[in-house]
């Protein structure tokens, strides 16, 4: 039997909004290490990895490892019915083919339960070994989202280059070219407004802006985003979820043939 | 001759917004008892009844009973041109086939008059005798609207059941089921936030969510809504309009054949 | 070589938003008198004239007269990528077929440059001699925009009539007629809320509401708008841009044949 009670229910709503565009169906896995998900998008370019650790839940009851296949779009529809301040409890009986989401309003005068059918989904967990990245950039998540959105009005791909100068986002399209440079900046009022660049060696990688714009839907989950980049490796775009875990997107770079 | 001057013009705008989706054309009746409307929706499932009493108008001049057929969509288009703080005056000459809406800005430096053609509409007034309802639920109107909207993302019909436990709204659809329970709750900061349930006997009725979502367009007219329910009778969903009257929706329950 | 540095970059964004619906392609002219544009809409009913004087720029470097043909839609796409508080610098090398827009964030930690291809556009400058207008109306720009929007839900054309009574905007359509009268009003808290009518002789002109609704996109540029009207002349609708210049729309009146 499974019972996970999350006081900040709004967080689960934001998690779903941030992954449902990339992935249709996925297994949520529940074990002693936490409530997690790993799934690949249909074009096999991006992998989403979510972890919510047990300490983040008010109640985390999970007496054996369980994997629950869910349609993320349907799950998102149900979670949209929770208020942002509602407590969300996720329940599943042993052997049941359904999961129940219970929403309690803060004043407890309204209680909703939504029951959803589970699905059988074949999936394999991919291993992503810890790597030494050529460059790691931490920046405000809203800035990163804005840049991806802006560039996609000009072109389809973005070249992300890290040099001593800073991190450069470039694109080109029919109407012209665009370059946005963010410099290291730690002289800020609030630590989450800083842009911090750790560079071991310069790196330049190309990504589809479509994927970037999908994964930046995770922006409401965290004030900052971390980009980890190495030549020939998938980039890791990580949004930390305060005191609970993270959502990470592994994004394969494009091999450019006809572009400089 | 008819001249009705309503200082809170925004109220008439809200009235139109709340009925124009259900009803296309309707007669507005003006008499010593007030400015009123009764109309059935095209699928003959819902009846709207509006009453605005003379005391709510700054000037209520109506020297004989008059019935004015209006296209509600066109009337709503004209009223949208009034500012929310404008004073609205409705005028009709005896024997004229038009009605004039005059909008005065609060500072009186802008005066608009919109003239609309009247229509001949055959309609009969239905009588709705006062009934002893099995259950009467008063709850915040925004809560009721939110529940109807939420459930319609799962199913097409809602079962409203009143028991000692509270009022339960249930639906089912392809992706699963949903139940929302609101308990009696009078320990609130403001009286309009209370949920009050008067039950003579348990009742359970099924309604189309499409109609529920149409009639909850009246939510801006009142902080609270009252549902009056009896087996075999149309439900009454009433929004009181402060110091002036009400808008009521009579909604025929669905006869379920293949549902529990 | 050309280099124009505008600290209030948001202003250039607003300028583009206000003209891109009327005009597709246009030459921006840069000379000692300022950065300007004059262009006719494709149906040859409206002419836009923009002037931004050198004193409004932090840096205005323009060593010879230059005319740059731009696609306004593409230019607007690029300017949308500037933050509202960004400093915008426009640069062009001599003989180059591109223009560069540089956006600097207020904190200087983000710098973007967008390069756009220029176009060859044949255009002739029209002369609009100073005229003695029959009537000049100055009114709040948001009020004027609201009236044009409201009337276009009823009809397609607006008759603007100035009399001693005030300025009257009228339309008629299938569902009825509408008249909005604004009276002279100088007893206001803030000077920009005044409605001031200078009338030498009464005037009444008819315009397409489609054009009115296009040109009122300039509303964010100024709190007030000035309408200059004379029988048989194009109306001038002017939005002053504080301390820098103006955007003016010359709009040909309609010759009504079958309307009173």
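First chain written, first letter: the chains are A, B and C, and each begins at residue 1.
Following the convention adopted for this analysis, a contact is a pair of C-beta atoms (placed from the backbone, for glycine too) under 8 Å apart; a residue touches a chain by one contact, two chains touch by 3 or more.
If you're wondering where the values come from, they're calculated on a predicted model, not measured in any experiment.
Chemist: Go ahead and align chain A to its copy chain B using Cα positions, then give the rotation in degrees, nearest 5.
Modeler: 120
Chemist: Please tell me whether the contact surfaces of chain A and chain C are same or different in residue numbering, using the over-half criterion.
Modeler: Both copies, chain A as well as chain C, present different residues to each other, with under half of the numbers appearing on both sides.
Chemist: Averaged over CA atoms, how far is the centre of chain A from the centre of chain C? Could you give it in whole Å?
Modeler: Averaging C-alpha atoms per chain gives centres 44 Å apart.
Chemist: Quick check: what residues of chain A touch more than one other chain, meaning two or more?
Modeler: none
Chemist: Show me the residue ranges of chain A that touch chain B in the complex, using the header's touch definition.
Modeler: Of all residues in chain A, those touching chain B are 71, 74, 77-78, 80-81, 98, 107-117.
Chemist: If we count contacts the way the header does, which residues on chain B are in touch with chain A in the complex?
Modeler: That would be residues 143, 150-151, 153-154, 175-183, 185, 195 of chain B.
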